[in-house]
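Letters A, B and C mark the chains in the order given here, with residues in each chain numbered from 1 onward.
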């Protein structure tokens, strides 16, 4: 078999990404080629970048999401494209979205922990919906009495919300420490108060960073 | 206090403008005071709260209060009005609302006690735990709203797929390592007592293989010449192997040999398969 | 709503055709637009023609088929794209491998004899699979009641396992030392190692060659 040209490589990858019906990783794209003619990984990446550039100004774009690269319709044309289907996109309740947010940002998390933060019980139907949609899955059990299930988000969650990794989730708002206000009320030394403030916000940043670490479960 | 940056000021638009309910097609962002509200609308409004923390946050936001310095007495009074309303409406009131009511009452009473001046630390502020919980809930409430506006498949973006007309899908054949087959054989050997009594130890595979080859060459319908089964190029060893194979086949009555006259040509044919 | 530009129209049609998952007629494409801004039919056709021209030299093409227009992968790239759906090879059962080994070592052999040694029945599907794979063939029939088929190994069998003749298989006495062979194989082959196909058969050939006693007949 003869060498595959750059243009051919681009064409194959374009067609494969469009035909797959699901996001594809570079490794999967590599596997389309027999060993003797298999291009280098960086050639694949270069082809993807070229294809991404080709989408400029068009109705579709080539994006990387949780489970790989995929072509998708641009949001600019979604109002017309959505008319292809009778059904409207489903709306999700606040309870479901808040539960999902807690799983996404605080994973792995138990149902009791979710209830603790939300201040109300989480209905079983919400957990069921999240599991059925494949956005959330049980990745283990906490080693405490009752061995409650630990929930985590999935790649499908990232895919559905058009995210490459959990890093891309919107940043959580900072927590303010009541210390600070007390300090100010008590008219402490301004320096001291500021220091406290600095410390607390640093601690928060760290904890957010730790929370938002990309989690990959296969 | 007013120029202090508060959480409510950081995210005012979404929080304050988010409608809690749609009443007759127009958004209801605030509980109308002193006005007659149709009971169904009030019910929708009250049911929209995601629990006591959500209700408290609403009360704080509505009055633009600093979450870090809640006037507990006033908030508690308002909170209780809503809880009573819910009870009157016979809404299925989550138990958490009453637990919160008790917590508020406790904080209120502790706020009335004089605070010791020397002792420092947030533990002194009876509101600390409540503030922590409110903030913690608020950040995930906000996160949920943020997630809700992310570009979503099926709403803001759509997956695409094209046809592959010349799709060739071949089912690949299973792969077998020689080693796997040998391991399978040793299993059989170990399992089968009688295998030990078989004489195959003395037999060599080349004879077995040659038996197959001889059988493949001959057929039941016609005789072929004995000598044509041998390949001189194989040398002495090859001839011996073939001869051994023929003897074994004869012993097992799988071939038939005919010699018309002494020293005449020997002919071979497979046994009795002609009627097949 | 403002007028839809030519470029926008092209983008909408491109995205709609790709997202629909089925061919679309011009009428269906027209229905995506509200009446006030609905383009003329000829504008849609012109946009489709422009999109078709854009596909020149790429991995996909926009074709009209019976039920409308659709994007599809070009036949030039289909051999690579098809590999997306390549099924993973199934595995053969232990029973099949044992049967194969007995045919190789005890040929010519009948099914009853195989069953006799294995102590269990040999299913017809196993014999069928081995015959279809071309590793085993019927070379005659034993002259006993029922005239059972005699099975033997084939040249393809030798080729697959990279053997010149059955001689190169370890003898049964050598197989008794299979643990030794295993140990040697394991040194070279950690794990199942599908991808080490070439290496493993080489390793086996080497170890057999080293162990093989001179063949003698008595």
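Rule of thumb we're sticking to: a residue touches a chain if its C-beta (ideal position, glycine included) is under 8 Å from a C-beta of that chain, and two chains touch if they have at least 3 such contacts.
Bear in mind the structure is a predicted one, so any value in this text is a computation, not a measurement.
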Report back the single chain whose CA centre is most distant from the CA centre of subunit A. C
If I average the Cα coordinates per chain and compare with the overall Cα mean, which chain comes out closest? B
Between the Cα centroids of subunit B and subunit C the separation in whole angstrom comes to 25
Provide the C-alpha centroid distance between subunit A and subunit B, rounded to the nearest whole angstrom. 16
Subunit A-subunit C separation of Cα centroids, rounded to whole Å: 34
Counting only residues that touch at least two other chains, what does the list for subunit B look like? 158-164
Hunt down the residues of subunit A that sit against at least two other chains at once, touch-wise. 15, 18-20, 60, 71, 73-74, 81
Can you check the complex and tell me which residues of subunit B touch subunit A? 7, 10-11, 50-54, 66-69, 94, 96, 100, 120-122, 124-125, 127-128, 131-133, 135-148, 150-164
If you look only at subunit C, which of its residues touch subunit B in the complex? 15, 18-19, 21, 60, 70-73, 75, 78-79, 81-82, 85-92, 94, 97-98, 100-102, 104-108, 116-119, 133, 139-143, 147, 150, 152-153, 160-163, 165-167, 169-173, 175-176, 178, 181-182, 185, 189, 192, 194, 197, 200-201, 204, 215, 217-218
If we count contacts the way the header does, which residues on subunit A are in touch with subunit C in the complex? 7-8, 10-16, 18-20, 24, 28, 31-33, 57-60, 71, 73-74, 76-77, 80-81, 83-84
List the residues on subunit B that touch subunit C in their complex, please. 158-189, 191-192, 194-195, 198, 200-202, 204-209, 211-212, 215-216, 220, 240-241, 244, 252-254, 270-273, 276
